[in-house]
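Alright, structures below, take your time with them.
Below, chain A partners chain B and then partners chain C, in two separate complexes.
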Partner chain A sequence: MIEFSDVSYVYGKHTPFERVAVNNISFKIEDGLVTGIIGHTGSGKSTVAQMMNALIAPTSGKVLLNGADINSSRTESYKTRFKVGLVFQYPEYQLFEETVEKDIAYGPSNMGLDDNGIKERVEMAAEFVGLSKQVLKSSPFELSGGQKRRVAIAGVIAMQPEVLVLDEPAAGLDPRGRSEILGRLTKYRKTSGTSLVLISHSMEDVAEYSDRIIAMNDGRILCSGTPAQVFSHHEELKNSGLALPQITNIMLKVKEKCEKQGINTDFLDSSVFTVEDAYNALLPILRTSDGKGDSYVK
Partner chain B sequence: MDYIIKAQGLTFSYDDDGNGSKTVENLDFTIERGSFTAIIGHNGSGKSTIAKLMCGVLEPTSGEIFINSKGAGRTLRVSDDNDIFDVRKTVGMVFQNPDNQLVATVVEEDVAFAPENMGVPSNEIRQKVDDALRAVGLYEYRLHDTHKLSGGQKQRVAIAGILAMSPECVIFDESTAMLDPRGRDDVMRIICEMRNKYGITVILITHYMNEAALADRVMVAEAGKIILDGTPKDVFLQKELLKSCGLEVPQATELASRLHAAGISDIPQNVLDTEEAAQIIAALIAKNTK
Partner chain C sequence: MLNDITLGQFFPGNSLLHKLDPRAKIIFTILYIVIIFSAKNPFSLAVAAILAVSLTALSRINIKTILKSMKPILFIMVFTAVMNIFWTPGENVLFSFGKITVYYEGVRFAVMMVIRLVLLITGTFVILTYTTSPVALTDAIERLTSPLSKIGVPTHEFAMMMSIALRFIPTLIDETDKIICAQKARGADFETGSLLKRAKALIPILIPLFISSFRRADELASAMECRLYHGGNGRTRMKVLKLSARDYMTSLAFAATLALIIFLNTRFEAIL
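Entry: the complex of A and B
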C-alpha cells in the first residue's frame, strides 16, 4: 500500500520561479484496487505520480510503501522503483532497444534475474498486453503506435511491480485501442493482484475502470472516494476545470429539466456514469411512460 | 457546389516503389467551402495521411488534389511545385502535439512567424497578430513565454499562428488528443467559431466521437478508403458498422439507441449530444407524469 502523509512538493524552491505543485496532501492507495487520479493540467497529478516511485522526493512529508519511507535512503528508493512501476505519458517515445524482446527485458535484467527468469518475465508481460511471439523479434520502431504503447507497458509489467502507475495510458488511441488497453490492464490487475493507479483526462475512462478516484485541484485533493461519490461533486469538479462523464451530464440535465416543470425527480439516480447504468436506471421509468409499466418485471 | 478541396483518384503508399500496401486508395471526394467536416477512423485507417495529402505535407503516389483558392484567384494543384506556396497559404494545419509546432519563445512572435515569412508589411502584421490572438482568447498572453503555457493554450497559439495567415481552410489532426477537458473545450469552441464567424472551412481528424458529432459532415476512413460519408445523424446510425471498424458512437447516441432498441420508440436512435438526449428523455418523463 502506498501512503502519502502530509506531502508537499515545491518546484524551484528559493528561486523567483518557486511554485507549489503539491500542497500538503494525505491519501492512501489501497491494495488490489484501481485508483483513478483526475485533475486539469497543472493540478499536480503528474508530480504525485513521480513521487510514488521516488523519482522525486517530497519537499516535506512522507511517502510510505507498505509502511516504509521510500525516501529514507538511496537503497530504499532504488528498491521502490522495482516495486512501483511508472508508465509515463506517450511511453512509446522511450523505446530504445533493437528488438521488442530486448526492450521488455531491460527492466527485469536490471533486477539481476538469470536468463531464464528474464525470458519468463518477458513472455508473461508480452502475453498480458497482447503481443504475439512473432512481434518479439521485430524492431520496436517498425510497430504501429498502439503496439509500441503495449511494448512500453510490457516493459514495466515485466518487473512485476506491486503497484503499476500509468499516466494517460490510452491517450491518442482510437476507441477500440483504448478499451483494449484498459481492459487488458484491469484483467492484469485481477490475475496478478497488482494495484493500478490510472491518471487520465478522460472522465469516461476513469469512471468506468476505477474503484476509487482522487480528484486534484491546485495541488490539493478536491474530493476522493468511489466514482459515484466523486462524480456527485458536480459543481466543484466543473469549477476546477474538470468535466463530468457524458452520461452523468445527461442524467443531471434530465433532472434539471424535469424539476423546472415541477416534476419530483427523487426516483432518478443522477450519480450514474456509464451507459449501462443509465440504461438500467432510465428503462423502467420510460417503460411506464408508454403504458407498458405493468408488464415490466425487474 | 462551391468546393475548396477536390480529390481525384487519390492514392498514397509509404513504400517508395508504390507497389506495397496502399495507405490511401483511389479516393474521390470534395469538401465544400465553409463547411465543417470530421474524419474519423481507427489508428492506421489512413485518416491522418489524407489530411497530410490535402495540405501538401505528403505528395500522392497517384491521383490529384485540387485547391480552389480565392486568395490565389485560381485552382491550385497540390502536387505542383509552383503552386505549393499558395496551397500552404490557403490550407493550414494544426497537429496533435502542442510542443511540436511552436517556433518562437514569445507568444506574439510565434503568431507573427507565418505572416513575416509571407512578406506582409509590419504594420499589417501587428494587426493580424492582435486579431488572431483575440480570436483565440490569448491577447492578454501575447508577451508570455510559449513554453510555460498549458497544452490547450499552446494549441490556441498554434491556431492563432494559422489564423494570422488568413487561411481559407484549416485542418486539425487530432489537435485535442493531448489536452485536458478544459483545453479540449476551448479548442473545440474556437474551431466552431472559425467556421461560424469567419467562414473558414474546417476539417477535423479526431478519435472523439462527441467532437465529430459537432460537424456538418462525418467521413469514416477504413483501410485507406472512405466507407461512410454523411451527416453525423446518418453516420452514427450505423453503430454496428462503426464498431466493426474499431470506432464507437457518442455515449449519448449509445444510450438513446439502446433505449430505442428496448422498445422506447419515442427516443430516436440518432441523438447526437447530451443536451438533445436530456431534452428528449425529460420530455418523455414529463408526458408520463401528467
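Entry: the complex of A and C
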C-alpha cells in the first residue's frame, strides 16, 4: 500500500521560476485495486507518479510504501523502484537495446536475477502485453508505435512490481490500441494481483477501468472515492476543466430535459459513467412507457 | 536534475542593453575584451571596472544571477591567484615560509588578475549572453559574417544551423532528464560502481537520446520544406536590423573608455 501524507512538491525552489506542483496532499493507494488519478495538464499528476517510486523526493511530507518511508535512504529509494514499477508517458522513447527481448530484460537484470529468472520474466511479461516470440527477436525500432508502447510496458511488468503505476498509458494510440492496452493491463492486474495506478486526463478510460478515483486540480485533491462518488461531483469536475465521461453527460442532459417536461427523474442516477449503468438506469422507464419494454432493449 | 545551468542564459528584459542592436553588441563585446586586456595598472583597471559596473546597472540583471554564473569559473580564479601569489618573483618580501617566499608584487599581481577575470565574465555576460536572445545573436552573426558569403562561405546555413542548435538545447535537456528518470525507474544505477560500469550505464540514455534527435531533425527538415524553406537566397526578414542613436552613443562611451585607459597606461607603470 502506498500512502502519501501531507506531501508537497515545489519545482525550482528559491528561484524566480518557483512553482508549486503538488500542494499538501494525502491519500492511500489500496492493495489489489485499480486507482485512477485524473486531472488536466499541470494538475500535478505526473509529479505524484514520480514521487511514488522515489524518483523525486517530496519537498515536504512523506511517501510510505507498506508503512516505510521510501525516501529515508538512497538504498531504500533504489529498492522501491523495483517494488513500484513506473511506466512513463510515451515510454517507447526509452527503448535502447538491439532486440525487444534484451530491452525487456533490462529491468530484471538490474535486479540481479540469474539468466533463467530473467528469461522467465521476459516471457511472462511479453505474454501479458501480447508480444509474439517472433517480435521478441526483432529490433524495437522496427515496431509500430503501439507495439513499442507494449514493449516498454512489458519492460516494467517484467520486474514484477507490487504496484504498477502508468502515466497516460494510452496517450496517442488509436481507439483499438487504447482498449487493447487498457484491457490487457486490467487482465494482468486480475491474474497477478498487482495494484494498478492509472494516471490519465481521459475520464472515459479512468471511469471504465478504475475501482477508486482521485481527481486532482492545481496540485490539490479535488475529490476522491469510488467512481460513483467522484462523478457525482460533476459541477466541481467541470469547473476544474475535466470533461465528464460522455455517457454521464448524456444522462445529465436526459435528466435536465425530463425535469423541464415535469417528468419525475428520481429513477435517473446522475452518477452514471458506463454504458452498462446507463442501460440499467434506463431499463425501468422503457418498461413503463410501453408494456413490452423488453422488445426495446436486448 | 539538469536545471542548474545558468551559464549562457538569456533573461528577457527591456533595458538599454536589451534594446541595442545585436550586431553592435558583438562588436562591443570584442571592444570590451580589448579594454579589459589593455588595462595594465590599477587606475586603468578601475576605469574598466566602472564601465563593467555601469553596464551591469544598465542591464538591470539581478546581481545574484551574475554571482551565480561565476561559480563554474571559481576554480580557475582560485588557481590563477594561487599560482601568481607563489610564483611571481619580486623585491619586497611579504613573508617567507621555508622554501616558499611570497612577494608583495605577487599578491598585487594576483589580485589584479582576479579582478580582470571577474570583469571579463561580468561584462561579456551582461553585454551579450544575458541580454541578447539566441535568435537575435545568430541573426547578428549572420549579418556580420555576410561578406564571407561572397567568397562561397555558406554563412546563412551556418547561422541557421546555429539557431536550430540553440533552439533545441532546452528540448534536449528536458528529454535527457525524462530518459534518465525512465531508466532509473527500471533500476538503472548511475551513482555506484567502477568507472567502466558507470560509463556503461550511460548507454541506455545515449541511444534513445540519439534516436530521438535524429527523428526530430528529420521531422524539422520536413516541416521546413513544407513551408518552402530553400536556403538563404532571396530570403527577406521580418525584423530588419537597424542601428539607432543609442548604438552610436554606446560606441562613443566605449571608445572614450578605451582612450582613457590608453592614456592612463602611458602615465602609470604597467603591472599586469
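Convention: the second predicted complex is superposed on the first by the 290 of 298 C-alpha atoms of A that agree within 3 Å, B and C clash if a C-alpha of one lies under 4 Å from a C-alpha of the other, contacts with A are read in each partner's own complex, and residues count from 1 in each chain.
Methods note: a residue touches a chain if its C-beta (ideal position, glycine included) is under 8 Å from a C-beta of that chain, and two chains touch if they have at least 3 such contacts.
Remember, predicted model here, so these are calculated numbers, not experimental data.
Placing chain B and chain C on a common chain A by superposition gives a fit, with no clash between them. Within the superposed three-chain model, A:12 lies in touch with chain C and out of touch with chain B [touch as defined at top]. In the superposed pair of complexes, A:91 makes contact with chain C only, with no contact to chain B. Of the two partner chains placed by superposition, only chain B is touched by A:286; chain C is not.
Between chain B and chain C, B contacts the larger number of chain A residues. By the touch criterion defined above, A:235 lies against neither chain B nor chain C after alignment on the C-alpha atoms of chain A. Across the overlaid complexes, the C-alpha centre of chain A sees chain B and chain C at an angle of 70°, to the nearest 10. Of the two partner chains placed by superposition, only chain B is touched by A:258; chain C is not. When the two structures are aligned on their common chain, the gap between the nearest CA atoms of chain B and chain C comes to 5 Å.
Once the two complexes are overlaid on chain A, none of the chain A residues touched by chain B in the first is touched by chain C in the second. Taken together, the chain C residues at the contact with chain A in this complex read 3, 175, 178-179, 181-189, 191, 203-204, 207-208, 211-212. Across the complex, chain A meets chain C through its residues 12, 50, 53, 55, 74, 78, 81-82, 85-88, 91, 93-96, 106-107, 110-111, 141, 155-156, 159.
By the touch criterion given at the top, residues 41-44, 96, 150-152, 174, 177-185, 207, 209-210, 246-248, 250-252, 254-255, 258-259, 262-267, 274-275, 277-279, 281-289 of chain B touch chain A in their complex. Within the complex formed with chain B, the residues of chain A that make contact are 40-42, 144-146, 171-177, 201, 203-204, 241-243, 245-247, 249-254, 256-258, 261, 263, 265, 268, 275, 278-279, 282-283, 285-290, 292.
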